[in-house]
Each structure stands twice: as C-alpha cells, then as structure tokens.
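One structure follows; several queries about it will come next.
Think of it as A, B, C and D in the order they're written, each chain with its own count starting at 1.
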Amino acid sequence: MTGKIWTWIAVAIVVIGGGWWLLSGSSAPKAEAGPIKVGFIGPLTGDAASYGIPFQNAVKMATDEINASGGINGRQLQIIYEDGKCGTAAASAAQKLISIDHVQIIIGGFCSGESLAAEPITTANKVILFSPGSSSPKLTGISKYFDRNYPSDSLPAIKIAQLMTQKGLKNVGVITETSDAAVALRQAFVDEFQKLGGNLIADESFTTGTTDFRSALTKIKSANPDAVYVIGQTPASDELIIKQMDDIGLKTQLFGGFELFGGEKMLQDIPNLLEGAIYMEPSLDETATTTKSFIDKYTAQYKTFGGLPTIYAATSYDAVYIIKDMIEQYGMNTDVIAQGLRQLKDWHGAEGTLTIDQNGDPQFQYAVRVIHNGKVENLK
Amino acid sequence: MEYLIHIAILVSIYSILGLSLNLVVGEAGLLSVTHAAFYGIGAYATALLLTESGMNFFLAMLIGMVITGAIALLIGAVLSRFDGDFYALGSLGFNVIVFSILLNWQSLTNGPLGIPGIARPSLFGFSFESNTSFLTLSLVLLALVWGICTLITRSSFGRVLHAIREDEQAIQVFGYTTTYYKLVIFVLSAMLAAVAGALFASYITFIDPSSFTVNESIFMLSIIILGGLASHRGAVLGAAFLIILPEALRFAGFPTDVAAQMRQVTYGAILILLMLYRPQGLLGEYRL
Amino acid sequence: MSLLETKKLVKKFGGVRAVDHVDVRFEAGMLTGLIGPNGSGKTTLINTLTGLLPMDGGTVVVSDNVALHAVRPTSIATYGLTRTFQSVRLFEQMSVLDNLLVVLTERNVWGALFERHGKYHLDTAEDILKKVGLWEKHHELAGTLSYGQRKLLEIARAVSMRARVYFFDEPFAGLFPEMRKVVSAILHELRENGAAVVLVEHDMDLIRSLADYCYVLDSGTVIAEGAPEAVLKQANVIDAYLGK
Amino acid sequence: MDIVSQIALNAVIAGAIYSLVTLGFNLIYGTARFFDLGYGALAATGGYAAFYFYTQLGLPLLLALALAILVASALGLLIEKTIYRPLRARKASGTILLVASLGVLTVIQAVIAIIFSSQFQTLSRDVAAEKVYTILGGAITQTQVLILVTALVIMLALALLLKYTLFGKAVRAVSDDDEVASIVGINTEKVMGAVFAIGSAIAGVAGVAAAFDTGIQPTMGLSLLLKGVIAAIIGGIGNVYGGIIGAFFLAIVENLGAWQFSGEWKDAVAFAVLILFLLFRPQGVWPK
C-alpha cells in the first residue's frame, strides 16, 4: 500500500514543480522594460569545468562593469548562466534560455560540442549565438546567427609548422589531448608539416584527465626528436607534461598550442623548464591599455586565471562588450544584429583588434611568442 | 512551451533507455553498467548512415539496431559467464572500452569533434522538423518499446528471467540453459537502447562521445532504481523525475557559480536516501 | 528396468572422498530410500547426480543405455530427472502459481518468447496446487509462505515436471502429520505411474512404510542395501547410526 | 637500454599508488563484502585536505599530511556509521550498498568542487627544485621515491597488523563470516568501524601520493578507484597481499600498452586486462 503513496508524492512533486517553474518562467515581462536578459552556456561541471569557471568569471566581471556604468541604453544587463557540460547538454540549456527566459542573445558554447549542440536551436529561433571559445572548423559559416571571436584551429597550427621548417627542425614529435580543440589543431599541424616535408617521428595522445604521461614521453624521447609540439586543452595538463619531460630527462625545443605557456601560473611554477619555448597566440598585446587593465582587474578579483590561458578570458570579457555595442547600435532585432556582427571591423578590446569575416569567424593576427628567463617576448 | 516539449522528448528517450535497461537489471537481475555503450553505438551508427549515405531515418535506425545487437551478442557472450559484482564490473569495463573506441577511432567517428549536421527523420515526404512532430514520433516509439517490453515480461520467457533473477542454478536444474536466456535479453535490451540512440542523434543533430560515458550508464541505472525495478511505469516515472529535477533545479536559485555542483549534491543525496528508506524504488516491487 | 544407475561414482572435496566408488540402481516403479547419518554423502550424491557438483570419477547410466561421465544441471531434465532441495530453493519474489508455471513452459528461448499460457498449463498447475492444498494462496509471493508450505510448493514443482526419476531430499522435514499423509500419497502415486522415486530421509518409520528398497551410506560408501526391514536390523547399520 | 628501465620505473611509480588504493579497498571489500565506490572520494578528500593544510595554510609538510590522513579516516568512519551501518543492519544486499556508495562518491566530489573549485591544482610549493635520481638510465624524482617507500611501509604495517595482532585476527574472522564472528563474541560493528577507519586512512595516503606525484582535481576519485579495483581483482579480490601484485601487474601492462599503442588507449587496456582476468582467472593470481 505504501508504494501507492510514494508514487503520488513523486508525481505531485513533478507536476507542481513543473507548473510552478512554467508559470514563473514564461510569464516574464516582454523584453522592453526591465533588465536586458542575455544567456550564457559553458562547462560548469565535469572535467571541462576547470576552464569553464574562469570563462564565467570573465563574463561576470564585464557584466558588473557595464551595469556599474549605467548598463545598456539605461537598462541593466542580466546574464543567465546555464551549464552546457561541454557537450550535448547545451541543447537543453539553449532551449531553456530561449523558451523560459526569452533571451535574444546567448554568449557561449565554450566547448565546440556545446556550440554545435546549441546552434540548431538558436538558429531555429533566430537567437544570436556568440562563442568566445569554440574553435572547431565545423562551425565556420554554420549559420547566419552564429559568430565567434575565438580563432578556428587551423591558423596557429599552420604557422607553427611553417616556423619549424624555417628553423630546420625536421624530426618532430607531437603529444595531443583527445579533446575537440586539441585534435583539430593537431590535424591542421600534421597536414601542413608533412606537406612542407617535415617528418613526424612520434605521435602520442592522451585522454582528458590523464596525469601520468611518463611512458608516452619516454616513447617520444626514444625517437629523439628535434622538437616536441605539446597540444593540451588546458595549461594544467601542459604544465604536467613539461614537468614530467624534465623528470625523464627529455630536453628538446618546445612548441605549444593554445597560448598554453601564456598562462601566468605556469610561468611562476616552472620558468626554467619553459626556457626557449615557442608558442603562437592571437596578438594579445599585453601592453595595450585595454588588455593591461583587463588583466590587472581580473587577477585582482580572481587572483589567478586558474586553468585558463589569458586569451580565453580576454575573448569572454570582450564578448560581453561586443554584445553591448551591438545592442546600443542596432537595438534588439537579432537579424540586424547578425548583420552588424558580420561587419565588425577593427574592434578594440582586451583581445586586441578584432574583425569578423563573412563566415562569422574572427580575423586574427598572430604573434609568435618565445619565453626567455621567465619573460614572454615576441619572436622576431 | 518549446522547452516543455524539449523536456518531454528527453524524458521519452530516457524512458526507452530505462525500459530497455530494466529488462536486464529489473527482470533478469543482472547489474549491467554498459547500457550507455549501446545507446552510443546506436546513435553513431544512425548518425553515420544519415550523414554519409543520406538514407531514410527509419532504415538507418533499423541497421543501427542490428549493428548494436551484433556487438551486444559478442559482449553478452563474455558477460553471461560472470555473475554478481563481477558482472557489473565486467560490463563497466566494456562501457569504458566502447567509449574509448568512440573517442579514439577518429577516422570513423571524428573522435572528440563528434558528428554534426545529422538530419531530422522524414517519412513519405513528411519531415519531423518541428519539435512537436518529433515528440509524437518519440512517444510512438516509446509506446512501441513499452509494448515489446510488456510482451517479453508477460511471456513465459519473462517468467524464466525472473527465476534467473531469484536463483539461477535452481532453474537450470529444471532444464533451462540460462546463458542463452541472459544472452537473448541482453541483445534485445541493447537493440532497444539503439532506438533511443537514433532518436537522440536525430533530435540534437549533433553527437559526441561525452554523452555515452560510464556516468551516463550509472545515470540510467539510477532511473530504474529510483522508479522501481521490474516495473515499466517505474522506469518511465524514474526517467521523468531525473530529467525534470535538474531542469527544475535551474530555477532553485542556487548561487550561479555553485548551481551546477549543487545539482550533483542533490542527485547524490537522492541516491543515498533512496537506498536507506526505499530500496525498491517508487513503484518497484523487486528489492535489489 | 533401472532408470538410473551409477558405476563407481566418485566425488572428492580436496582429499576427502564424499562419494567413494558408489554403485546404486533406481528401478522404475520403485521407491528407493537413501539413509545414513549426517555427513554420510547422501546430499552430495544427489547434487552430483543432478549436475550441481561435477563428478570426479565413475559413470552414470541413464535408462540402461546412455553412459555419462559428466552431468550438467541443464541436461538432467532431458534425461527425465528432477529434484527438490534440502534447503528449499524457491523463487521467492514470484507468485506461488508462477513458481509452478515457470517449470511447465517451453525450454527453448524462442518458444518461450511467444508462448502464452494456454488453459492446459493453468489447469495442470491448478490441480497440482490443489493436491498440496496451496491453491488458495496461488497469487501470494512464495517468500511469504510458511516453512511447511514452502516444502509442499517445492514438491509440487518437482511433481509438475512429469519426470521419470524423482529425488526428494528430506521432503517430510517440518511438515505436520496431516500433510505427511498427503506427501506419502503423492509419492505412492508417482511410483504407481512407473517413476523411480528416491527418498532421502532420517525417519525410520517413513522408510519402513514407504521404501521398497534402500541403501545405507556412511562416509561416502554404501555399507548396506536391500529391503528396509532386513537392512535396518544389520549390525553395521546400527553402529553407523549410533556411532562406534 | 635506459628506455626499458625508464618504462620499468614509470610502472613502479604508478604501481605504488595503485597498490595503496588496492590495499585499502581490499581491506574494506574483504570485510564489508561490497564494492565501495565512496572509497574513491576518500582518496580525493585526502589529497585535497593535504592541499588545504600544506599549500593554503602553509603548515609544515609532515603535520599537513598527518592531518589530511586523519580527515580522510574520520570521514570514512562517519560515512560507515551514518549510511552503511543502518543499511547493513537491514541486511541490505551488496547492490544496494553499491548504489548508496555511488551517492556518497557523487556528493563528496561535488562538495570538493564547490569548496576548492574544479581547477586542477598541484600540491608542491617548490616544484622545479626537485632532486632527480637516475637508476640504470631511468629517472625517478625524490617525491616518487618517497611515495614508493610509504607504500611499502604501509603494506608491511598492514600485513603485520592483520597477522599478529588480536585485532587482526578479529578482522579476518569478520571478513570470513560476520554472523559467526558475532556469535563468538567479536563486536563486529566496532571491527567494521575500525576497518573503515584504517581503509579510509590508506585511501587518504593514496590521495596524498597522487596529489604530490601529479596533482588533484575533484573527479580524480573515480578513476583512481577503478584502477584500484582492477588491481584488486587481478591480485585476488579480498586478499590484501594479492592486491599489491595486481597493482604492479596492472601498472606494467598499462605502461607497456602506452608504449606499444598510444596513451589514449590506457583505460581501455586496463579494463581489457580486467575482463581477461574475470574470464580466465576470476579468483585472481593469489586467491584468498
């Protein structure tokens, strides 16, 4: 008999819960009065949370600044944060933001998987999806309403391959994390490097969350490469790789993906191991005023970038300001905003100067960085 | 309203998964922790067939079911030699292996990049583009799966499964080669999971390995444990509860930065409280 | 005609020979008693004959022609053997009726999948349950029955197999006298239908009244066999029971 | 030549950490007779407690480690008393305890992520200035040698405790059959509590070792636990000494696997080994 009671309690919870949240959600006032609602989708739990949370911090910081200085056209900006779990859960997040919160613009899909899962829903509802972190080439020109201010992967990898051949480094080893951005970067690099006659003598990969790279690195060491290209999704795994390289005595010219060495935590922890390491990053000119003030404010408020290289935080921070400019210029009509975004030229922000092309991809100039005694310098 | 339909579609997909997993766990008493692997194989098979050859969704789903069934036959043949905790552990191992294949066999599955641009189903010219039409399709398939499961559990085959659950050696003495029964129900349950995989791939139009991990299998287990084992209504209620709960918790006003983790705490606490006070779940009658 | 016979059957647990070169015969239409003190190997012998324990030596001859060196539990039904368990192994969370129906169904998988229960199975189950007086409880879970009722249900399950050789492992334990008459009648009926009934029992009066032939086992070997009256009077049998 | 010795050293280091996990797991599984997934979260607790005391509070190393192990042990005892004991009193089946321990794992992992954020943290304050020893051409750092030594010391201590102390006999009696043990006058609940306390302490040490060797993140518990469980089965489930052989065997196979194939198949290789052992040698190398 008690089974029946339990059933009705459970059903009651589900029904009341559903009803209550349906009422509280859909009856929200139309967009004109009250705060401007903008959605946010990013990995807040699971393995990917280690770079999702700093992404959230950067967006929160920009929002607080905007609201402090009077908001957008006098209306406060309200960001609604949803967890995309770096995968298909982003579809539920997007559907909720659109149907319940009636957002017109969503900042996010941080992982490429989140953007790919949310895009069909946002495009169907004519909602702008602006991603500051998805790098998958599959997103290029995927929809009128999808733009991003984070470069697609192929660009830096091709430049690194060209740089290696110029420096005469013929036999190179690669170690890649099996995550969306890293795999795309590796593919672009290998194609270019072999086209230029380079010889890939070691090709190791590791799953997200691995902490013991010693045997893979021993294998690379046994091939005694001229250089090693380390492509991890987060500086945390790259720092471990470089430390364990030192542990097993693998001394070689280091190349990095994703501005990994830019993460200042790594520069503090293992400066001598990074000596001479070369990496590629969008020309985030640390000395530029907007960039410098952003970095200082961010580190003041959140102490470290945690797992995040500065470029991710910069693009997330800028995304909020880009949205603010768009709303101020074009109002809330998403079709007009979509065209506006595609005409964005030389927009100045924490990430430097940004231009968005016809496919919604950003044009980035790349700066080649090299690390000398713990300092980041431009390679001539 | 769209959001409610979206939730209803997810609930029907997870109900299919719950019903099919219940055949193995609730009816035959075999704690399988590899259901997400078959969900994944079904999804990838259908997605690849749809994107590569552009065939009709339902044909792709059927082929996906056959492929999943074949792989389940191999895995089931190995698993039906284990029992108790070893069965659970062996099945967990197979889930990790299948996940690694989905993640690392990049030439076939695109690895972590996943497969985007999967077409929505269409039948005799009618395309299930809109969510409402997709919901009706999901509910029809759910009803079909429910029917198949009822047919199985009500038949003498189902009764033998219950006997295997209670005392496998005793029923063997009465002339039943229980390894065949365990294998057949394992393959049938995997094929039904492939249906859910096909629906999920076609609905979200993008799949990647991260939705077919061991955690997903554990989530499906908690659906039927919460809903109640060996009860079809329990499987559907469990799916509804555990899909709607995290969505409802989006509104529970946790501080934004810990909201996601608070959901995990609530979910874990529910599991503990269930086991302490109601191990047979809401509607179930079979205690684990 | 012997329905089941063992030749030099051996079952070892490590060094201990629980069944030590045992030769027994179970004739059709006869009730054979298996008696002996605790730990004499009676249950081990039955478990080995019904495939629960692998044989370590000797052969099992089924109805004079099929010689087996190994018996799998799933195959004994095909040779017309069935049994009850000393420790009563029922399907606890299934109804009393289901506990019977489950042994009446199709053996092969596909047959079982599409088999609906026709009147025939339900009627057989009904009159067997009526015979052991459990029909009113046929919807209740087996787990809720009393110890005596569970014994009766197990006997009913064995009877519904329509086997040729029945092994009953202490079926009368825990039954009140009224029910003992019912079970004795069932055993008689099985024997009249030409089956070989093997009864493991400690109660000498039951053996005297029921058994046509009996074997006395002590520490794995047959120390005496023959008609119950003669066997029970033999000195070595009494010593075995009373301990030297 | 030095490549082979480097692989061997890598295996020895990984083996040491796995053996710590297996040691505690076997102790608990041997007595409580269920797969305690919560054990993984206790290892994570140990790692994070050490991180908090040592890196954030800046306490001296040994004090910080001692406190961390104490925290893990106390938490393990608390969980045993509040969750597992009532379940055991109600004669709950192993599966119910397994699901409850899954709830414990999820809750602890989420709480850690809330307190320490899900960032990947490293423990060592002075990372770069570490002495590196070279043996036969292979390199091994100071911390790794320390981990190896602690693992061996704890193995010895546990072996002596179980073999020669009265408490050890009581533990072995309870793990044989707790009902019989209680009839004979052993207070099984007290022994069970002590076993959980010691097991959790060892989990804490494993967590600290992993934290020092590589680093910590909230989700480290489950993967550490699964490797420990595989090693336990290879060695012979429930047998404290067998687990150590299993741990080093698994570490060698994984590192050889990484050498032959490439690193991303590491988990798949580990579980393939598990399934092979379950198939051909379920009782393990050194059965209890």
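Methods note: a contact is a pair of C-beta atoms (placed from the backbone, for glycine too) under 8 Å apart; a residue touches a chain by one contact, two chains touch by 3 or more.
Predicted model only: the values in this text are computed from it and were never measured.
Annotation of chain A and chain B: jointly contacted by D, touch as defined at the top. Between the interfaces B-D and B-C, more contacting C-beta pairs are found at B-D. One inter-chain figure worth recording: chain B and chain D are separated by 31 Å, centre to centre, where each centre is the mean of the chain's CA atoms. Here the CA centre of chain B is 43 Å from the CA centre of chain C. Note: centroid distance chain A to chain C, computed from Cα atoms, is 72 Å. Averaging C-alpha coordinates per chain places the centre of chain A 35 Å away from that of chain D.
Across the assembly, chain B contributes residues 100, 103-104, 261, 264, 285, 287 that each touch 2 or more other chains. In chain C, there is no position where the chain touches two or more neighbouring chains simultaneously.
Residues of chain D in contact with two or more other chains: 110, 113, 264, 267. Under the touch rule stated earlier, the contacting chain pairs are A-B, A-D, B-C, B-D. Partner chain D is touched in their complex by these residues of chain A: 45-47, 49-50, 52-53, 175, 178, 203-207, 209-216, 218-219, 221-222, 234, 236-237, 239-240, 243, 246-249, 269-273, 306-307. Contact residues of chain B toward chain D in the complex are 31, 78, 81-82, 84-86, 88-90, 92-94, 96-97, 100-101, 103-104, 218, 221-222, 225, 258, 261-262, 264-265, 267-272, 274-276, 279, 287-288.
Those residues of chain D that touch chain A in the shared complex are 3, 6-7, 10, 13-14, 110, 113, 117-120, 122, 127-128, 132, 134, 138-141, 210, 213-215, 217, 219-220, 223, 254-255, 258-259, 262-264, 266-267. Those residues of chain B that touch chain A in the shared complex are 1-4, 6-7, 10, 100, 103-104, 106, 111-114, 116-117, 200, 204-208, 210-211, 228, 237, 240-241, 244-245, 247-248, 250-251, 256-257, 259-261, 263-264, 278, 280, 282-283, 285.
Within the complex, the chain D residues that touch chain B are 34-35, 83, 86-87, 92-100, 102-107, 109-111, 113-114, 226, 229, 233, 264-265, 267-268, 271-272, 274-275, 278-279, 282.
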